[in-house]
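Heads up, the thing below is written out as structure tokens.
Each chain gets a letter, A, B, C and D, in the order it is written, and its residues are counted from 1.
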Amino acid sequence: MHLFSRLKADASGDWASYVEHQFVHELGTGELPKSSFRHYLVQDYLFLIQFARAYALGIYKSPTPQDMRQSLEGVKAIMDVELDLHLELCASWGMSREDIENAPEAAQTIAYTRFVLEAGMAGDLLDLQVALAPCIIGYAEIGKGLAEKHGQTLDGNPYKRWIEEYSGSTYQNLAAEFGAWIDATAGVYLTEARVPRLRKLFAKASQLEADFWQMGLEAS
Amino acid sequence: MHLFSRLKADASGDWASYVEHQFVHELGTGELPKSSFRHYLVQDYLFLIQFARAYALGIYKSPTPQDMRQSLEGVKAIMDVELDLHLELCASWGMSREDIENAPEAAQTIAYTRFVLEAGMAGDLLDLQVALAPCIIGYAEIGKGLAEKHGQTLDGNPYKRWIEEYSGSTYQNLAAEFGAWIDATAGVYLTEARVPRLRKLFAKASQLEADFWQMGLEAS
Amino acid sequence: MHLFSRLKADASGDWASYVEHQFVHELGTGELPKSSFRHYLVQDYLFLIQFARAYALGIYKSPTPQDMRQSLEGVKAIMDVELDLHLELCASWGMSREDIENAPEAAQTIAYTRFVLEAGMAGDLLDLQVALAPCIIGYAEIGKGLAEKHGQTLDGNPYKRWIEEYSGSTYQNLAAEFGAWIDATAGVYLTEARVPRLRKLFAKASQLEADFWQMGLEAS
Amino acid sequence: MHLFSRLKADASGDWASYVEHQFVHELGTGELPKSSFRHYLVQDYLFLIQFARAYALGIYKSPTPQDMRQSLEGVKAIMDVELDLHLELCASWGMSREDIENAPEAAQTIAYTRFVLEAGMAGDLLDLQVALAPCIIGYAEIGKGLAEKHGQTLDGNPYKRWIEEYSGSTYQNLAAEFGAWIDATAGVYLTEARVPRLRKLFAKASQLEADFWQMGLEAS
């Protein structure tokens, strides 16, 4: 994950505001208000639908059949697996499919998802990947970090399942593969002259992720 | 403006939260903190650049040469006139072109503009127009309302020029023409079954406009 | 398939030039020159890659999660099944994956696929579906017609496998489902005022399909 | 025009088939059948409408306000000037606006225009520019070549006006500016690894231009 690491290092302040957000901290300790988590869950479901669209856009924008396949895996992961898992998780928190599908999208959900979709449509596959990266790879970093720090006390933690999902090998591999895919695309499309714009894109996406946590926190 | 009037009536709460926002009220009385206005002005410049892109998207999405011409007028109005007027206005408030072009886009600016661009790209010309309408026609309504209510006290109002611009006949005509253009498109593309989605689009755009004022207000 | 039937009836001349093309006739009798079929097969593979992109665009453009799922089925059908079947079929005709993937796209392949992709991007989901319909539903009609007319003599026909694929229940069901999906979308988005443009789109796509057969025929 | 010159050199065969096409030759000698020219003129009008959309897409896809302005100049040149000039020219050849606007797009017109629009939407601004270049810069090269070779005998040539338009300084400057704009974009976005795909894009666009002349020739 060379390009990702570089962009993360360049945006260290924005990145920290996202992966070390108070919401994340309270997920780990289990202190996060349940109403915050519920609000987050619903918005994250609406978010995933838009992310499936972003991966579908990736298929459309792919310069090679191999890139198309990689994007398709992303669409399938969300539409064939994650959305159902999410509904199950929501059900265990007392929310029905109707509650969720009828919930209005929050401004923070709109801001991040449309920013990604639009950056991807206006730019090339690399722009799309860089806009998606803070979410896809960031969740792996957050999940792993929480599992390492709070692994011994997860049994009493109401957010155990969430932490296990994102620290688990399935998600970790998916994120690692995504990082490798960015590097493959960067191998063809990256120039030094593009870096300032990609850096801005990455930093903005990280800020919008932090705003998303903040939205959850303020819902309590 | 039949479709616009209908959508506005259906979204009356969201519409009021936008056109009767505290920011608008304080523009009229002149009490708006200058720091709020300055922050707004800069973000509005960044907003206009995205709106020029949205009008350009309108050219691309136009089903007829006549629609292409209508969209092109929108691009020209922004790129050949409004951006320069905006820079002049900014200069009179002590901000240089560099200050403005280098300012980071606020989350609220991103949320509204990318929402519009994305709704337009994913849908048809009517979706794009409905997403643009709260801005284009709303500003005419706000400008006219402020001129009517505060017209006698504008001379001492630091925001006189802004109010005159949007209450002036040039902008009023532009907005009226835009409303007629929506109706022409609706004449071909509107079905009753689409109304719930268009209503949602319109209401959401109105909310995002209200958020934009709120951003200005909180910048003081 | 109400909208499809209507559009087909309106474009009866263009439709006949496509589904009753000499290429189709010779597929049925087995008289088609093998060089024509080989050329067709290679171009059809390149065509399918673009159609997978068109279905992916369908996901992006879907107004509901249900539409997203329907589009995704189309992407999967091509990328997870049809492309491999196609390579197998090509192998049985002596062509390797490399031969195929390195073949240049013919002008006729470009014309039809880019026309569909562009109509779908500029318009809405209904435009995309109408542009795709002549291919998806037309192949089912052609396959069924050939099986009915030549079913008793297929054993000696070198194109037996092709005819069986498109006359088989899997493909017939896929096409019927596509027709029902168009009607569902039309139920929300169709107006009488749109019909002339949809008719033009459908007729043009049918002509471009006829050109595609002609390209095959002329390759002998 | 460094990138353009390189791509042209790499696609020398396809380039020659376009700029040295029999249609071009007969324009210069004045021997081109008038029915060929009439057919060409009508299709070129329909072509220009799509090219205005492609330039509008350029505004949408522009990474900087400067790029937006450059694209806007292209839209204006077509929509505010060239389309009217074209109608005038058509009128002098006995064709009315109605004749032209109601003419069906030929397959060759569709192939080239949708190829450009789609390459631009799927890729980045550089892809769009490379797909547009054979038309924009090629016409300048053709016009200049014809004026140099046949300048002394233009008075009796029925295609004098066409040759003068494209050999004139207005068009020559526009094309030179476009070449400089490509280089500016290439300065940020070009990598050696992209060259094979850009070369393919350029060669294909050149072939589709040659097909466009051929369509005219065969219309006699």
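Points to keep in mind about this one:
Keep in mind that, in the parts below, a contact is a pair of C-beta atoms (placed from the backbone, for glycine too) under 8 Å apart; a residue touches a chain by one contact, two chains touch by 3 or more.
Chain-to-protein mapping (UniProt): A, B, C, D = Aminopyrimidine aminohydrolase.
Just so we're clear, the structure is a prediction, and the values are computed from it rather than from any experiment.
Two copies of one chain, chain C and chain D, form a contact in which over half of the residue numbers belong to both partners.
In terms of the distance between Cα centroids, chain B is separated most widely from C. Simply put, chain A must spin 180° to overlay its Cα atoms on chain B, rounded in steps of 5. As a whole-number value, the distance joining the C-alpha centres of chain C and chain D reads 31 Å. The distance from the centre of chain B to the centre of chain C, each centre being the mean of the chain's C-alpha atoms, comes to 43 Å.
Shared contact sites, meaning residues of chain B that touch two or more other chains, fall at 53, 60, 121-122.
Looking at the complex, you find that chain C touches chain B at residues 60-61, 63, 121-124, 127, 187-191, 193-194, 197.
Within the complex formed with chain A, the residues of chain C that make contact are 49, 52-53, 56-57, 59-60, 62, 65, 68-69, 71-72, 75-76, 79, 83, 101. Those residues of chain B that touch chain A in the complex are listed here as 53, 104-105, 107-108, 110-111, 114-115, 117-118, 121-122, 204, 207-208, 211.
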